[in-house]
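Sharing a structure with you now.
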């Protein structure tokens, strides 16, 4: 996942000032996806001799407060997930006033530029949903179930919306309680018992895909399972043929690039994407065709 | 040969006539759980009428499974609540137990049963600490268990990250003992032609056992007493501190059991961020089933019915195909309905609580 | 006497002090007017006991002796410290100063269980019943009779109900439903349940804190008879009351507290009913009252 | 008399019935032995009142009259239904059968507030104090004197403390700290606070449920004097007690309940103390007791 | 000229000498909030020592802001808790109020102040319903407000979805009145050279006001009374039902205020899924500050200190640069520490609660 010039970077890192970079996301605690983002960010920071201060809060107002905390600490750069642009705008403006560069990652691809962020690394959720829907059409699916594991989360909604728009067949949504796997499992089971026409279950996060596979098996339904995002188990399941595919947005890369981009900006005045274009990290598909190569990195905790 | 004084002849033994013995029906109606049973029956009828798939045996099995995952914990939580305390850390403690099993088995390359033993010890220790802090400081259980809840939530994530380098435990599905663990904690058994998850049977067993303990043993007597009036119980020599600590450890045991189910059902992988919010569901099940939040009153059977009501509502909405965005609203409304029916019924039945 | 066959059921294996009662034989059933200061060693003894609650001094420098086979009455105004005194005897409070001796050896009870185990049974003014529990469960709370072997040890429920019902009937209380929670009983009925329990389990020392306050004349009579019977059976009784008539009917020794200190300490032989009434009413007050209200 | 200048502070604008007392003038302070069945109309009247708790019949078919300027005593065994009866009078329970008339008109009180507004003040056996609140706040609870205009109406805190302290001193209770929570008081001290409050706010009818049960002789005397003074001031008093001596000292009329029904209903003139004691003790019991225990 | 009886001369007026008047220091120490104040000071010292950025005035302003968002709600929640109830729906009710303002303004093209008025009415209605159901059914507040919590959670999402087609409300930042709304609810004002968020000032104002009401008005007396003993209060004529409903409506008012801050601060857009879990923080603030969960005891100043402790811990960890994965653990540990110090201190001070 690294571009050339690694050598050069390391040399520069040696005599560059030790930067402090804050990354502030809207992650809910203990989510494997965000763990990959953070790993990427930490690796990039370590490589550049920078200090990474990671913090998160799923509530917009509290995420904004965390940004202010970073400003108080006078960090050298801030990376934020821009999922709730309006609520974060004020804090981002304050950072600009304080002369701290802010980059966006993961969410907010439509807003980052307008909001005055200098760079953006991520994927458009809706686009990912559309890609998912197109793929369903290719597979000849008739009816899909979109499993939302956190009700009221904008990003998840957008994925389902994109899927609905692109997919030719029917899409039903199912809200489940993501904090309780038994609930995810029995809700999917109930739904499949109620509606035997569903032939694809789309989960919006990798851990839920694993539970969905079990639930489908328990029902004796023919439905296949595919998911957004990946983790180690999901990749193994793809290799085993239990999971059809995963739409990957390369979270490790998002975290890595956000820190790298900030570092380059501060240390060398570079702006990735030129300040007008986002750096896209997805969507890409992981399926039986390319899973082996990914699996190797996944085991290392970087995919 | 006790030294009790010789009793003087009872001077006034005329029969008090006014109030007859309580008729059996009335007595039945005054039982704490009967109102919620009525609520459960009403809900069942609603879904039976509204949702065609709900009528199949397989669906009932799914509903029972959903109920059992709440219900097993609700057994412990109900006992604790009758004993006058509650435990906000119960939801994450389940995940702690699951993670502990997964990580010790993987890291030390242990047989899964051995890891389960270590995890059990840990779960009991958490319960013990909860109880000990409570008893020593005299703080309300809300505060103590909220602190422990937050600490466990942090520990689950931080320790998992530290140990595995990721925020979920590594798969132990191919390790020694996992298959038998799975058979005990997360298999299905055919009952009357339908595959029923084994947790349902465990749930019924635990409920029966806890009911026996409550009603027919000294421990049960003490649980009611410390919940009803800790000072009163202490004054007649009930070891209040021990009973409370024991109850927290009982919750710990059930958290371990539920955690074992989680890890067995998920092929050995456990996400460290889960479990938050479930503690309210356990308490809800107990309270819907007629346990008083203030302690001293309630039954475990009631808690089981409460868990069933929750499972039925949650899944019934899916079976009925009602708009999924409204699911929380329906759950809330059903809960309110169930408890209102419950309390209305109880007041009709002449009790005064 | 049905009360006798329960000894085997005592949950705790505490020393059943039935035979080893110090001085029990000498005192049994006899009237021994003014001799208790000498004679047998006291079962319980407080020397210079004091108790502070934060900045409130509820008791200070109280000496008290409790002897087998006699009834010691503790009298005094409201707030004089009577309840505090007996809570110390019962192991519910620890004295902040002074010594507490049981059978001549100093003790520091950390829970009422320990006092119970040494045969000290108490009926508190605030009752110590559990309101939501059925009467029969309350009756046996803390000393439940059990059957079967571990882990299947279970309560002897049928026996518990029958015994509780019978014991209450003996005190003139016939409850329509022994399964009713204590909260449903009248104030006096609750009091009787608490007394019946203490009497039934009372081993060597029976402490009663205003047991007759909420009782009717009939029930009071029953309690007084019990006190008398307990004394005759060789128990030591500590009896707290506001009613000088009741006190004088049964008491062998009288201790009057005033503002947390012992004001008067005298055997029955040195005190007539009138003296007692005078002491309790603050001298000439009662006379004045009688006169003022007399019609 | 400081008690008098508080009329203006009453929170509720209820009819202050001081002058309009039916028959008040005729009865005031006078002793009218057997005439109350005829004469003036009763302030309160129950006709055939009954009360069931679920399946327990606590009261049935009780007739009762409460007249201004006289003390009606309600007596009876434990569990006879006395507390239930006065809770009906106080508006805390609604009778399940029968009628309740105040000043001759039928009422259905849905809360004690309504009864208070019609001048019926009650001291409950279970006290109705709020344990964690300071004594002075408890004293004025529900009838707080206030100053200032809305929205800045505030409590007259200094006056409340001073008054509460003074009223309690009058009853012989000098608290070290009027700010102490009621939970810290002794049983009798609590009782005195509740009584002092009811007396201070008592408008036309004062109902006392076993007020002297927890009190020492001295405090009992104070309460009895109050009862007498209230009667002489033209109030109607309903006095519940287990103590026939107390009852006889102040009562003008006696109602004995038994198992929820009226067993005896007689004016003072028809009843000697001994009869009363006999009725309360279940006939010859007391004599037997006196004899049995007499020494 | 009340008809009180002439008082007989007090027969026994000898002074009771034993217990002197309470010394002022002792009296101060027995105040419910003093222990938590001590806890706050200790925590402040810890972070002052551990985190260099924490020492700046700007950081204190951020900490105070974080505390104020919890603290404003904690005022209402503490009053309610002193009145013997608690409200699990408080967290989502804030979001409901925010959504209501945003959606009515946008959909009906209203001035934002008018929308705020409608939203206020709605928030008060929610409080009223909470209270009414509680009073009418006699159910414990845990059950009633849990039902309402679930229902509101569902409604927030479902109605937003229905109205806007998405799960967040539309921006109202450019609508009439938004600027003045922002100035009132979410601006900053310079205090001693530092920009302080206006919510901090509101928080202090509300705390002072509520303290005055509690200690110096009849309403305050009644709140303590219904919390301490509802039966006792009813018996002396306190309108218990009205007081309780009023308290729930007070919480509704503060939920509206907090909701207005949310929408003003977020440029007029509100996510419908937020707010869950905050109710526990409000309760936590009140309890840490010395309010008894069972009612009848506590102060609003204590709740403010509790909120400050929370805000300080949460932000302090970030300032100190401690690992994010451990943040929950630290919050839990600090909470435990604070309340243990609190209760230890209180027991030293000679109180008995």
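So that you can tell them apart, the chains are marked A, B, C, D and E in the order they are listed, and the count of residues begins at 1 in each.
Keep this in mind: a residue touches a chain if its C-beta (ideal position, glycine included) is under 8 Å from a C-beta of that chain, and two chains touch if they have at least 3 such contacts.
Note that the coordinates shown come from a computational prediction; the quantities given were computed from them, not determined experimentally.
Centroid analysis (C-alpha atoms only) places C farthest from subunit E. With centres defined by CA atoms alone, the chain at the far end from subunit B is D. More C-beta pairs touch across one of B-C and A-B than the other; that pair is B-C. Rounded to a whole number, the gap between the C-alpha centres of subunit A and subunit C is 73 angstrom. Spacing of subunit B relative to subunit D, judged by their CA centroids, is 48 angstrom.
Multi-chain contact residues, meaning those touching two or more other chains, occur in subunit D at positions 53, 56, 176, 184, 218, 221, 225, 282, 285. Of all residues in subunit E, those that touch two or more other chains are 11-12, 16, 18-20, 22, 157, 292, 327-328, 352.
Multi-chain contact residues, meaning those touching two or more other chains, occur in subunit A at positions 29, 151. Across the complex, subunit E meets subunit B through its residues 88, 133, 137-140, 142-144, 146-155, 157-158, 161-162, 276-277, 280, 283-284, 287-288, 292-294, 323, 325-333, 335-336, 339-340, 343-344, 347.
Those residues of subunit D lying in contact with subunit C across their complex are 31, 53, 56, 76-80, 83, 125-126, 173, 176, 184-189, 191-192, 210, 213-221, 224-225, 228, 242-244, 249-250, 277, 280-282, 285-286, 289-290, 292-295. Across the complex, subunit A meets subunit B through its residues 28-32, 34-35, 151, 172-175, 177-183, 185-187, 189-191, 193-195, 207, 210-211, 214, 218, 231-233, 236, 301. On the side of subunit E, the complex with subunit D involves touching residues 1-8, 10-13, 15-16, 18-22, 27, 216-218, 220-222, 224-225, 228-229, 231-239, 292, 296-297, 352-353. Residue ranges of subunit B in contact with subunit A, taken from their complex: 51, 53, 56, 58-59, 62-63, 65-66, 69, 91, 153, 156-157, 160-161, 165-168, 171, 188, 195, 261-262, 265-267, 269, 271-278, 311, 314-315, 318-319, 321, 324-325, 327-328.
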